């Protein structure tokens, strides 16, 4: 049950960090779409390791499309995208096989898979498994953009002690989001970028790691996507986001800030904007009753500090069944927040695409854009 | 796609606030369980309206079991639980049918269902639909308790300006959780209770509403429940919690607090406790890589302020397509946080039960308890 | 996993023959449909017991709609349809509780549900559970007829020793199918009706039972419904039909007759009919590669003889664990073929509706009819 | 929705006949199984083209396992098995791209995928897609054999004008089934083999094709697998079998023969066999009420004559929109019945494995074998 997700679109992921390959089977993509391979590669490069500020492990992360595409056009049948694992140094991991890495899935994977899990590099629990997700998200986002004009972007709300305010109305333009999606460290405030850089560098130097909060927005969604109760937009999006082991919190609109608000402050008043129904504020983050309102869809995701740190840590040796000290070597990223951003955007796009294509009441591609005004 | 959820257990909900009945079909409950109807009724009473501090609408909320139970014992076939709607005053709502209530699903439901939605009392979007969920959760929780010793409880972390700290290790005992689950206003600090009471009363007096954050814990889960990636424990639980329109944020363990921590602070060191693998801290909230670790499973849920407030609000009249002022009358709860608690606990229990019963690798009822030490 | 089916439409069934009620939750029906309750009742009457030639047990089988319909119009939310069990004589069954009825699910249900199954009247395995299926099918068929012009009908291909040929091209008209669907014993040859009547009467007199083969056709389906491989139209339809315990074989078009044909005989040549692509023969029963071709969809279903017969039968007493002779008393139908026909048609309609609404590539209601020529 | 199937086990297939590769992602296989690669290759060789009596197209059909297996042992995570397409002669197909091949999915695929389908060699509709299914089935069957002692085998019940009787009780031994599964033309009667060989040769010579009926049996299943109603064993098995475009009929036990039987003949009397409950006859094919009875599970599948025949056929040219004559060249099999047998057995094994692993009521691997006596 773990590796398949979706309704109108289905994702099946596979792969271990140090096995032959990782990949995804993406079913439910409509026929006749000319895949923008350049944009797909750009998105995958945002997530790929080996960039400055991240792990020195370099993977080409070159996607091979095995099915569902002919002459660059989707066929309508399932698309299998595979990424070969070429640059693995399993020896790094074998030395610590029996030592549970704190905050990783070593122990829980060991219990669930009875000791047969592929522990090398985290195996199936590795962050590497998110690479094919970025591929799938890029395909969905391309179609959402071409058919509905959907634009996505994110900024770093918080990174260790440095932070900035949430998206304001004036930030939520196609231009700003597009710019953010092209920056290595996307922030709204210019000075935050260098602070973040310094924090990450400092974490690396001190053999430690940091986490953070990313805020993501999608513009130009039609009203009416999603379902009440199960399969609300929040349920679909959070289900995907919480797949990533490092994600420990997800919120929408004003999120946890709602707790300190009164209803009279929190409610978003409706008004008419040239015949279209809109709300003056957007505390609900573009979702009411699980269904998109046509206002920007906004969510926040917290990423815990990278679990792999070089500092000595107390742990248990499962073979010897005694307590030991672990010093993790190998190539690790002191902050995965930057590389996580394209993954979070990909998951948002997949969930929105799924909701759009699952709609069976006739919100067709042709009509859905106009519904919104 | 909206009204069915689950894997080994399946929930199908139905009903509108002012229709003949609401209910749930619960499939996948094992045969031979003697349902504890007294406990089920107690849980449903915690959610029911008509209590002090809540809406004056009184519903007997008496569950009728239509199938799957014979002589008080489950048959193993699907259980349909129905609650008749007996005390509806639709007239309250008809007057405002065309006026969109801010922060409600009136507009998005109207778009999705093309004007055919049952708008009376929120229809299918009403919080009333959570009553059958509490029934389903009580059934799951009873089995989890009997078979695995699982105990659940919650406290109010924040309610408007009043709050208290998160669960500490010493709070996470069966005794404390049990006590909390029997209190109308469950808090860890004694003085918080009267503050909360005053805040809710003040909101009612000022025709306003308040929200809050609830923290919920489950004890005695075996290690090994859940799946990596899709269908992680976090994905399953958040998928259910975000079904409720008022829920706008969900986090696990240290949640959004992870953003300001370093890896060396956030990682939970493993140790051996009389032969069992445990962690000294529990920042990860009992879940690593999507799978339970055997430590207490802890999550936080933010509930937005009740959308229905009596104060005049700016909105749009959909029939006249012009802006108008809306004054909501009818019976409304200035704070649904208290009544939401049994719903959140029910959803946690359903997700855990589903993960337990979906396990197909032989973590059997007989052996799973022992796995944990 | 047993009681939920579907993709764009979801069915959740519940109920035991002698419990309080049986019913279905039907999710995924579009909003704004005025349910034709008269036609729904007519279809349910075709299946209901208490008709001539069938069991004397009389059930009003009056459907109560608990949700999803307001003022006779569907809301778009899930529809719960309930039928109360009012005329049960459990005493008939209690006497034989421990004696396994041959060809029934008494033994297999006992193993699966560990002795907690509701054995009275077959419990959840009772044919009575098909009544809500007829309701769901009537709703789907009404929409298929209104939106796409789909017409359905069946005839009895074989009943014990009496039979007639398969549908010929000239039989597959709206008029003929409509007429068949209004006859108690639908046959193409006039003389077959009285033969069938005599066979059933003779089976009743000899305390025995008979089965038969029903052939069902759907006209005016657009080309392009269904999916290749998993979720082919054959897979969807057969999945539903084989839910009924008495169904032991399903075939499409020339079905098992294909075995004795050569490719040059079996292949259906394409031709152009006023600009529309059609086939001269229809051996493939309107389905090629799992997808509708626009030709009539034709399938055959075999119904085994009613398992309950009054003749003494050898069996095992599970309590005493010894062999005994069983004489089934109670009210039983010597031939359920006639009453099964509306169930088979309902299942066909549900599968077709699901395939139509699951299509996410833009075969919209507005355009799909025209696709076919 | 088309390319994913399953409950406790999930299959996601991908690939086109002339694309880079075909394959399957198989999720839900338990950890710690040492895959019997020799047996897997033997099963795949049974299906592979290039054998005598079949198409001269030769594919190595060598499976590459990309994930889920380490050092020959399953990890418990999803297994991706890929088969590269190495020996494709697309030129054969390009000449006929616009000409619809009768009895193939060319037309229906064209409508569904709006002209973007990969038509080369049937694309996703090609029989080649069944090769990964055989891989998945071999994995499931290995586990069923090791854990439960399950044995499978098939014989040819009918092939054009030649046929033999159904399995008799004395045929249903492990020894006979094992022998059948090792023969190229598996029959019970010795003389049938040469008749079949002559029929296929004659079909080839006359540029025609033939079909047939295969009967398959599984021995040693525990009682209690499967579910009532939706997800009956018959529903699961037929859902998979009808995925294959050439399969047009599926029946269980006495199948369509039930139509001419009386209840007193058709019912299988229960008796006690050394303390185990068994039935004297097995007309129900080992399934009662959708659940296995512990008797041999027996089903029949009809395979239509190969659609590709070299004889000139009348058809439509979709580009020119006029009628033309088509002469199919390329490499085609005059009878796919022999190569279909391992596919049918694989699908049976997958469905049984899924039912076994979906059981959430505690029929554990350790206890389930004993349930049966």
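Here the chain labels run A, B, C and D in written order, and each chain numbers its own residues starting at 1.
Convention: contacts are C-beta pairs under 8 Å (C-beta built on N, C-alpha and C of every residue); 3 or more make two chains touch, one makes a residue touch a chain.
Here's who's who by UniProt: A, B, C, D = Chorismate synthase.
Because the structure is a prediction, the values reported are computed rather than measured.
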Relative to chain B, chain with the most remote C-alpha centre: D
Result of counting contacting C-beta pairs for A-D and C-D, higher pair: C-D
Whole-Å gap separating chain A and chain C, where each centre is the average of the chain's CA atoms: 45
Euclidean distance of C-alpha centroids - chain C vs chain D, Å: 26
Chain centre separation in whole Å, for chain D relative to chain A (CA means): 39
Shared interface positions of chain D, touching two or more other chains: 1-4, 8, 13, 28, 31, 76-77, 112-114, 124, 228, 358, 361
Complex contact set, residues of chain A against chain C: 8-9, 28, 30-31, 76-77, 228, 357-358, 360-362, 364-366
Residues of chain D defined as touching chain C within the complex: 1-5, 7, 11, 13, 100, 102-105, 107-109, 111-114, 124-125, 129, 158-161, 203, 208-213, 223-224, 226-232, 234-236, 238-240, 242-243, 245, 247-256, 258-272, 275, 277, 279-280, 283-285, 287-293, 300, 302-309, 311, 313-316, 318, 321-323, 358, 361, 363, 371
Chain C residues touching chain B - in the complex, by the definition given at the top: 1-4, 8, 10, 12-16, 19-23, 25, 27-28, 31-32, 64-70, 73-80, 82, 112-118, 120, 123-124
